Amino acid sequence: MISADGNVFDTAVIGAGVMGCSTAFHLAQGGMKVAIIDRGLLCREASGVNAGTLTLHMTRASLVPYAIEAWKMWMSAEQWLGAGVLATHAPGLTLAFTEQECTMLEERAAARREFGAKIDILTAAQAFKKEPGLNSKLLKAACCDIDGFATAYLTGRAFRYGLCRQSVEIFEKSPVVAIDRRNGLFEIVTQNAGKLLARRVVLAGGVWIEPMLAWFGVHIPIKTLVNQLIVTERIRPVMRTVMSIANGLLSLKQFGNGTVLIGGGWQGIGNRENNETEAIPENLIGNLRLARFVIPDLSEARIARIWLGLEAETADAMPIIGDVPGVDRAYVVGSAHSGYTSGPFMGKIIAQHILGLQPSMPLFNPARLL
Amino acid sequence: MITTDHKADVLVLGAGPAGINAAVTAANLGLSVVLIDQNPAAGGQVYRPMPFQFTHTQELSDAEAIGAVQREKLKKSAVFTYFEHTVWNVTRDLRVDAVGPDGPRHWVCRALIVATGTTERVVPFPGWELPGVIGLAAATILLKSQKMLPGKTTLVAGCGPLLTAVAASIVEGGGHVAAVVDAASKQAWARGMPELISRPDLLWQGIKWIAKIKRAGTPILSASAIERIEPSKKNRLSVTVRPVDSQRRLITSARSQTIVVDAVVVGNGLVPSTDITRALRAEHEYVNALGGWIAKNDQLVRSSVDGLYLAGDACGISGAAAALWHGELAGLTVGYDLGKLDVQAYRALVEPVRKEFYKARKFGRAMGRLMAMPPQQVESVSAEAIVCRCEDVTRREIEAAIDEGAREVNQLKAWTRCGMGPCQGRTCGDIVASILALKTGSREAAGYFTGRGPLRPVSLEQITGTYEYSDIPIPKAAPL
Amino acid sequence: MRIDKNLKRGQQIVFTFNGENYLAYEGESVACALFCAGMPHLRNSPHLGSPRGMFCLMGSCQECVVTIQNRKVLACQTPVVNGLQVNSGTERDDND
């Protein structure tokens, strides 16, 4: 399905997660003729199955400014994208139950404050006022008002709407087999959509960025994390904030429909080669024990669904956003660790860069990881 | 011993006819066997016993007699049974996690036999979700093991052999059946008759049921189905019935009739339980006559996943009589695969069992065909009918998602929440896929809901048991 | 309606549902006992708040969920016990 008259796209984005979709959206908004290609469907990998936490607590400290901008974008998605993901503003608490966790709490809060996050340290009593259902064994908490959550599985539908409005051409179920150069253009060979020609290419493949970069002979290792998630049935309101623990291993929130989502990065089994994931029961039990400990009322909740998603992580746990080293007009955006939170903004700044504008915030040079 | 080591050679899930025989056969070969079932006693659906607190003073029916023999056989065997245990997770390296009255429990095994039977299929119509409307298989449980009638006056609708069985049971119990509404035409029954001859005893029983129903004055409305149910005065239900065509679609131009009853029993066949086989990513194939998606099997028993075996209706509708033989087949095959039988001994034992299985299966398969759902039947599911009961998702919302481009059931699920509720798509999955297939052209293209844990909803309390904060193994902390 | 021909049930007991007394017999499930007593309505669906009750009787459909001691259980899998206090208890969506 080459644009039948041999038209050339200004940019082809490969990988239709939130990063790729946001990049494509902003490029099109900037006047480019854009194609977005995915071997599956829009936002059905990490972007569609993550916990939807829009928090600064668990974002890397130096990424806080990016996450703040992205938070605003999620909260206003209906305006700029045309469709939303039920993004809900709620205060975020990070909790400490041991002395060691208290120390971690203070450190993490301080680090994020340095980058612009307004995080207050609360005594246990103050925390109980904000979140009455907390386990009485709480020692200390940190609170940030800029926090909240989105419903991740709505992301694909929302971006589909937005991308169509910007006349981005969407090629789903079209795995890319190879990228060749032809007359100074990129010729993208797909399995089900024929060959596409583009002046520029953006690699936005999440955990698959490593094999994508290999198309260009560039080798940057990307680690694949296999995150487990659990959601309960609808239950009566048992929490009002988005919660995490200072050690980073719990994320807890209750949606407007009453279901409670439990995550935190507990690992399952899986790999990016065959996408077959499986939960590790001991890790499910551990995650649930943490959740039940933090909010004892969760005891009575029944779990309705368990699933897993693949998350990308670079060697220094920072994003790769910028030019593909040594390849003209090829770009990469991804691996932001908690990438859903900052995704829309990361797509915006790489798009600015590609459009020849000054990005609102500095990019993250991929060359550093070679 | 078993419980402290959490290890067994063989784990059997489901204590129906297939599961019991699989477990006992394997145990008789010298393997250590654990049998798990969520019910308080063995028997599955067809041989479900009455509660132990009830005492019968009449002659046992054939099913009750077989059930009693099966339970006795199980008790006398070396099988370790765990009743009232709900399995919530199975892994590919064959670890099974369950919750029971004494808390969470898990086992690992070398061979896992899935004998989990079927669930009921009901093609939705407005009002199927009202209290007072129950499934056909549900009605047999109510009648046989709770000894209750659905209501003073009941309407029985759907298709397949359970229809007349349930209606006759109600009449026998002193209840009134306002009508039997059968989606199959008289011709369809006649066409299926030759195959039913393989079990003249069951055929005769079916004829007696029909005679009983007719003697009670109950009209049998062939080639008809329920169009809608509305609440009526005094908690009664007003049922609108209309003729259907050969594809079991409502003929909107034909005359309808309205019948007011206290309870409605409806069922459109049985669907093999594939939650475990889907969760373990076994290969499946779609066979409409066998009830829908089933795990592909080699020599009737081995799935495509190492160590995962199948027995009974979970492997395709074959009937209870066949399930007994199928269980034995599974037990023998596992025994052979785990080295308790050499190839000659295995062949000698398996051949006669396989023969009996094929014989018994004929009738079950014929019944299965009568229960199969024609692909176009779901055309009649009206826009306002609720398809996903858990999430209140209507046909209209599903069509909107299809119009927007959803072409695969998991995409539909992400866009409508259909299948995301506590039943995990067990009730609606077959119907949703069938609706989508009207657009995609085939069930294979429409796909099936990705299998995942938990296999049944279980509470945090049940799964986590008793523990301290320091018990929780904390993996490496997140980067700063 | 109970079929009592040639049958002796378990001990008669009393349990409550949403505060109302119901007679039943040991061996019966909460769902069937209520159904038989003319109370098929066990809960409301979370999204639209429509009345629901037992349906599959196999522990599959999850329609018969009730609350006993703050815990959600399936009424069709729960035996009646003398003095059992059962409540319907569906949690509703906030945003309809």
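Just so it is clear, A, B and C label the chains in written order, and each chain counts residues from 1 on its own.
Everything that follows uses one rule, which is that a residue touches a chain if its C-beta (ideal position, glycine included) is under 8 Å from a C-beta of that chain, and two chains touch if they have at least 3 such contacts.
What you see is a predicted model; the values in this text were computed from it and never measured.
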Legend entry - Chain located farthest away, centre of chain A as origin (C-alpha): C
Inset, instruction - Pick the chain whose C-alpha centre of mass, unweighted, sits closest to the average of all protein C-alpha coordinates shown. - result: B
Inset, instruction - Decide which interface, A-C or B-C, involves more C-beta pairs in contact, and give its chain pair. - result: B-C
Inset, instruction - Give, as an integer number of Å, the spacing between the C-alpha centres of chain B and chain A. - result: 39
Legend entry - chain B and chain C, separation of their C-alpha mean positions in angstrom: 22
Legend entry - chain A and chain C: spacing of chain centres that average the CA atoms, whole Å: 43
Inset, instruction - Would you pick out the residues of chain B that each touch at least 2 other chains? - result: 421-422, 457, 459, 461
Inset, instruction - List, in ascending order, every residue of chain C touching at least 2 other chains. - result: 46-47, 71-72
Legend entry - Multi-chain contact residues (two or more partners), chain A: 233, 300-302
Inset, instruction - Over in the complex, which chain A residues touch chain C? Could you list them? - result: 86, 233-236, 256-258, 300-302
Legend entry - Partner chain C, residues of chain B touching it in the complex: 38, 40, 45, 50-58, 86, 119-120, 129-135, 137-138, 141-143, 146-152, 173-175, 235, 263, 389-392, 421-423, 426-427, 456-457, 459, 461
Legend entry - chain C - residues contacting chain B, complex: 1-11, 25-29, 32, 35-36, 38, 40-42, 45-48, 50-63, 65, 71-72, 77, 79
Inset, instruction - Write out the stretch or stretches of chain A touching chain B in their complex. - result: 41, 44, 48, 58, 60-61, 97-98, 104, 107-108, 111, 137, 153-154, 156-157, 160, 232-233, 247-249, 265-267, 276, 278-286, 288-293, 298-307, 317, 337
Legend entry - Complex contact set, residues of chain B against chain A: 88-89, 91-92, 95, 97, 104, 106, 281, 404-405, 408, 411, 414-415, 420-422, 424, 452-454, 457-461, 463-464, 467, 469, 471-475, 477-480
